[in-house]
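Note that chain A is present in both complexes that follow, paired respectively with chain B and with chain C.
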Partner chain A sequence: MTLTQLAVLIAIALAGGWLLPPNRRAWALALLSLLAIFWLQPAIAVRGLDFWLPTAALGLALLTWAVSRPSPQTLTRSDGIALSVVLLLVLLVALNRYLPALCCLTPGRPPQATAVITGLALISALALVGWRLRARPLTPLLAILLLVSAFLVLKSEPLARLASAALRSASGQDASLASALDLRWLGYSYLAFRLLHVLRDAQEKKHYPASLPEFLAYALFFPAYTSGPIDRLPRFLTDLRQEQRDRRQDVRAGGLRLLQGALKKYVLADTLAIFSLDPANALQVNSPMWMWLLLYAYALRLYLDFSGYTDIAIGLGRLLGIRLPENFNAPYLKTNLTGFWNAWHITLAQWFRAYFFNPLTRWLRTHPAKPPIWAIILVGQTGVMLLIGLWHGLTWNFALWGLWHAAGLFVHNRWSEWQRARGWTAPARPWQQRVLAAGGWLLTFNFVSLGWVWFALPDLQSSLHVLQALLGMKP
Partner chain B sequence: MTAIRNPHPETQDGQVSFARVLAKALLLFFLLNLLYALLQPQPALGRISLYNRLFPGRVRLPYGDVPERAYNLSLFNLEAMLASHEISAAPKSPAEYRVLLIGDSSTWGFLLPPEETLSAQINRLGLSLPDGRRVRAYNLGYPVMSLTKDLLLLSYGMHYDPDLVVWLHTLESLPRDKQLFPPLLQQNPQPVRELIQRYNLPLEAEAGALAKPTFWQRTLIGDRRNLADLFRLQAYGVLWSATGIDQDIPASYTPVMSDLEADDSFHGLQPPHLQPSDLAIEVIAAGVQMAQGVPVLLVNEPMFISQGKNSQIRYNFYYPRWAYDDYRSLMRSASQQNGWRYLDLWDLAPPQEFTNSAVHLNPTGSRRLAERLAPEIIEIAEQGK
Partner chain C sequence: MITTLRLIRLMEEIISPLSDYIAREILKQPTRRIDPDEALISSGLVDSFHLVDLAVFVEEQFGVRIDDTELTADTFDSLRSLATLIADRR
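On to the complex of A and B.
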């Protein structure tokens, strides 16, 4: 997100937060967010794709809403109107092709109106089919599979390249120029998490009473669309429906948060980016000391960049009266790895805990084979960390990063258990506690930092090179 | 009974008045901009540097088009450029014979790593004088050909107490239309104007290229790009220290052009002869005068001599034969008339020792040039004792 884009979003959020009456907020946020996802989507070399991807995001949100409705419920007139308005808005955005005055709404020239109308008809038909078949247990599962499949294609370089080649061929472009970068679908990861949460809950018969505008405002909420946090629908609805709020306080708190975020992201993180570890400099550094410095710079930069974006999202949300959940809580100050993962990308960790770790460990505990507790924890934590790693991209290095943390978490868990079993208590004297905390912090921070070596570099070979260099094993 | 006044007027019911804080912040920002525009602290800010303190000084002046790969960048703050250079590390020691190298991208070392530049090659020779002083060369070359740009850098270099100035140049640095062309000059109009006035140079001090910055450009906001560059230069010090890289040298490049156009014009001038007035030789005179007794060795730097198509008309991409031959002759006679020490090394390096341009030497050529300059340096040093 550029500073200009940020300034525009702040202006929109300020105006929206002040001017919108509570009963119109859901409508306004849904429509504004829909426009924002077209506007923020980066340009793509495949013809029309930078229009179709935000449109597909809308389609997936509509499908999820339809599939997650409780089955006796009928489609209300209000929902029908909302659907029509939303589709009409997309059609208006597509008119960008013919009206230069709307030039800035889409990064490229939208497809022809007939193609857009056909696309919107398909999306509506899919949502309608989802609505009709939502009572069947297979329907949410199919929607989940659709979301996960898209995710796999986007995160796997070979699959993304194949998809790009197919799309290029379909649009009459040279398929030999296909690249995984062609499939830069802004915000898909976070959209998928929000929609999967609703679908999984629907499978568990937990239906949330969201109208279509409310659901679209949640799924496409522009402050959190690109980088999270991953909010939950019932919590979001509480804020959205709140009639009384202190707007001055919202502006004050939101403004402060935006300032913090901008400072973190655009000043500190972008400066650290100049000398952070990257695939090019990893092979050029000439001493262990400098390698450590580059690694620490990377660790800090990653935190400041991501938490800066989160601050910006929370600040924008607050201007609009939505209190997005926190995503970070001083993770680098934690004295053990479990503490780190309770403070780093909190909403993602909670999502995986709720929808993967808890069901899996529950199932293992009740399994006739009765695996020991340590094995259940090992399987659960390894699964979660592997998935979190692969969520960043289907590569060996991200998998190794996940396994690195899984191993660390397991060791910490066993260590804690070992201490507990022996009735070990924390030392009584404050200085001893401080020394212990400092040691824990040093160990945790360096373990996490070393883990970033897998994360920052694209392949095993360069990661091993850096690890050897850090240990002074490279000439 | 008088009401107790709130000791903190910004607070109401214990909460900060956001509007008042915002208003004060805006006022302070406005005042800061005004102060910045009036004080113009760029030179003072430029002298604050992490180089030579936290990071080792750079062995050549900062220059780079692709900072993220070169770990270097082009900026226009001369004080910052010099402060980042190793020459600013410490005052000259009595055991050092200090040689300043002034020149263009060839002297700077385009496509050469820091350890292969001319200054590094001279230092590698380990030259010593009979009195025990060791010759130490400093690279103050800077890309873009213009004698006035060299003069500006010399004016800064003279503060570092040199014992000898070696000024390498080629004909392309002398045409009048090249003199105020480099962005480094255009972004430093005041010191350039001072040079023009002090040495009475026939250059247009009030030319558009040297336009005075507007008030807006002098504010903190107007000058933000230069300030950011200053900051980025410090940040790139980490990677300079960590890697020793200060230039993005591609694995392959287009070699120097051997087949040439059948064009015999030179900067709008036509054969048969160059006139002394066509060239800014007075800038060299100004440089010698500026050196104030410090010997200046003028060197016509080696160039690529083509054997390819139309090489009977041109020596290389830059020069038609008639113009270059006349330039050599004009320089020789100007040096004789003015008593300048002049070394014409135009054909020192064979064609295979050039890289991507007619003046850029490869490491072998650079070493050859250093070895050729070494006896001259020793001789001048001994004469100056």
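On to the complex of A and C.
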């Protein structure tokens, strides 16, 4: 997100948060967010794709809303009106092709009106089929598979390249120029996980009473669209429906958070980026001291960049009266790895705990075979950390990063259990506690920093070079 | 007044076995007393694995299901808030 884009979003959030009456908030946020996702989408070389991807995001949100409705409910008139308004708005965005005055709403020239109308008819038809068949157990499962399949294609370089080649051929472009970069679908990783949560809950017969504008405001909420946090629908609805709020306090708190985020992201993180570890400088440095410096700079930059974006999202949300969940809680100050993972990318870790770790652990704990506790923990933690790693991309380096943390968490868990079993208690004297905490912090921070070696570099050879240099094993 | 007393007794009936279970099975300190308002999840006292165990215990002991998505500090973070949740669902 550029500073100009940020300034425009702040102005919109400030005006919206101040002027909108509570009963118009859902509508306004849904429509503003829809416009924002077209506007923020980066330009793509495949013809029309930077228009179709935000349109597909809308389609997936519509489908999820339709499939997750309780089955006796009928379509209300206001839902019908909301659907018509939303489709009309996309058509208006598509007019960008013919009206130069709307030049800035889409990154490229949108497709022809007939193609747009056909596309909108298709996503509406898909949502309608989802609505009609939502009582069947297979329907939410198919919607989940659709979201996950798209995720796999986007996150896997060879699949994304194949998809790009197919799309290029379909639009009459040279398929030999296909690249995974063609499939830069802004915000999909976060959108998919917001929608998957609603679909998984619908499978468990948990339906949330969101109208269509409320649901679209949740799914496409522009402050959190590009980088999270991954909110939950029931929590979002509580804020959205709140009638009384202190607007002055929201502006003050939101403004401060935005300032904090902008400082972290655009000043500190961007400065640290100059001398952070990256694939280009990794192989040029052999000195342990310089390599540690690059690594620590990377660790700090990554935190400041991501938590800065989160501050911006939370600040923008607060201006609009929505208190998005926190994503970070001083992770680099934690004194053990479990503490780190309760404080780093909190909403993603909670998502995987809720929908993977907890059900798996519950199933294994109540299984008649009674597997040993250590095995359950090993399987659960390895699974979660591997999935969190692969969420960033289906590559070996992200898998290794996940496994690195899984190993660390398992060792910490066994160590804690070993201590508990022997009745170990924390030392009584404050200075002993401080020494222990400092030791734990040093170990945790360095373990996490070393883990970033896998995360930052795309190939094993570079990572091994960096690890050897860090340990002084390079001449 | 009677309602308040019954509520207090009900809470004690729930809190006491929960406290015993956490001290004995999770913390491995059977004599430890857990304050009803002590943070359980946000403080790291109960980790994610034992949280699931606690949910299984609550289901077996009180017949109250705590969903996988509810095992967070936002739903309950102390013995008192957990006991309130159980009392509400019984």
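A few points about this structure:
Going forward, the second predicted complex is superposed on the first by the 474 of 475 C-alpha atoms of A that agree within 3 Å, B and C clash if a C-alpha of one lies under 4 Å from a C-alpha of the other, contacts with A are read in each partner's own complex, and residues count from 1 in each chain.
The criterion applied here is as follows: a residue touches a chain if its C-beta (ideal position, glycine included) is under 8 Å from a C-beta of that chain, and two chains touch if they have at least 3 such contacts.
Quantities reported herein were computed from a predicted structural model and do not represent experimental measurements.
In the superposed model, A:366 makes contact with chain C only, not with chain B. By the document's definition of touching, of the two partners only chain C reaches A:204; chain B does not. Shared-chain residue A:294: touches chain B; no touch with chain C. Ranking chain B and chain C by residues of chain A touched puts C first. Once the two complexes are laid over each other on the shared chain, residue contacts for A:149 go to neither chain B nor chain C. In the superposition on chain A, contact of A:78 is made with neither chain B nor chain C. Of the residues of chain A, not a single one touches chain B in one of the two structures and chain C in the other. Against chain C, the residues of chain A that register as touching in their complex are 197, 201, 204, 206, 232, 235, 338-339, 342, 350, 353-355, 357-359, 361-362, 365-366, 373, 376-377, 380, 413, 416, 420-421, 423.
By the touch rule above, chain B contacts chain A in their complex via residues 15-16, 18, 67-69, 71, 231-232, 235-236, 238-239, 241-245. Residues 27-29, 44, 47-49, 51-53, 55-56, 67-69, 71-72, 74 of chain C are the ones touching chain A in the complex.
Residue ranges of chain A in contact with chain B, taken from their complex: 248, 251-252, 255, 271, 274-275, 280-281, 284-287, 290-291, 293-294, 297.
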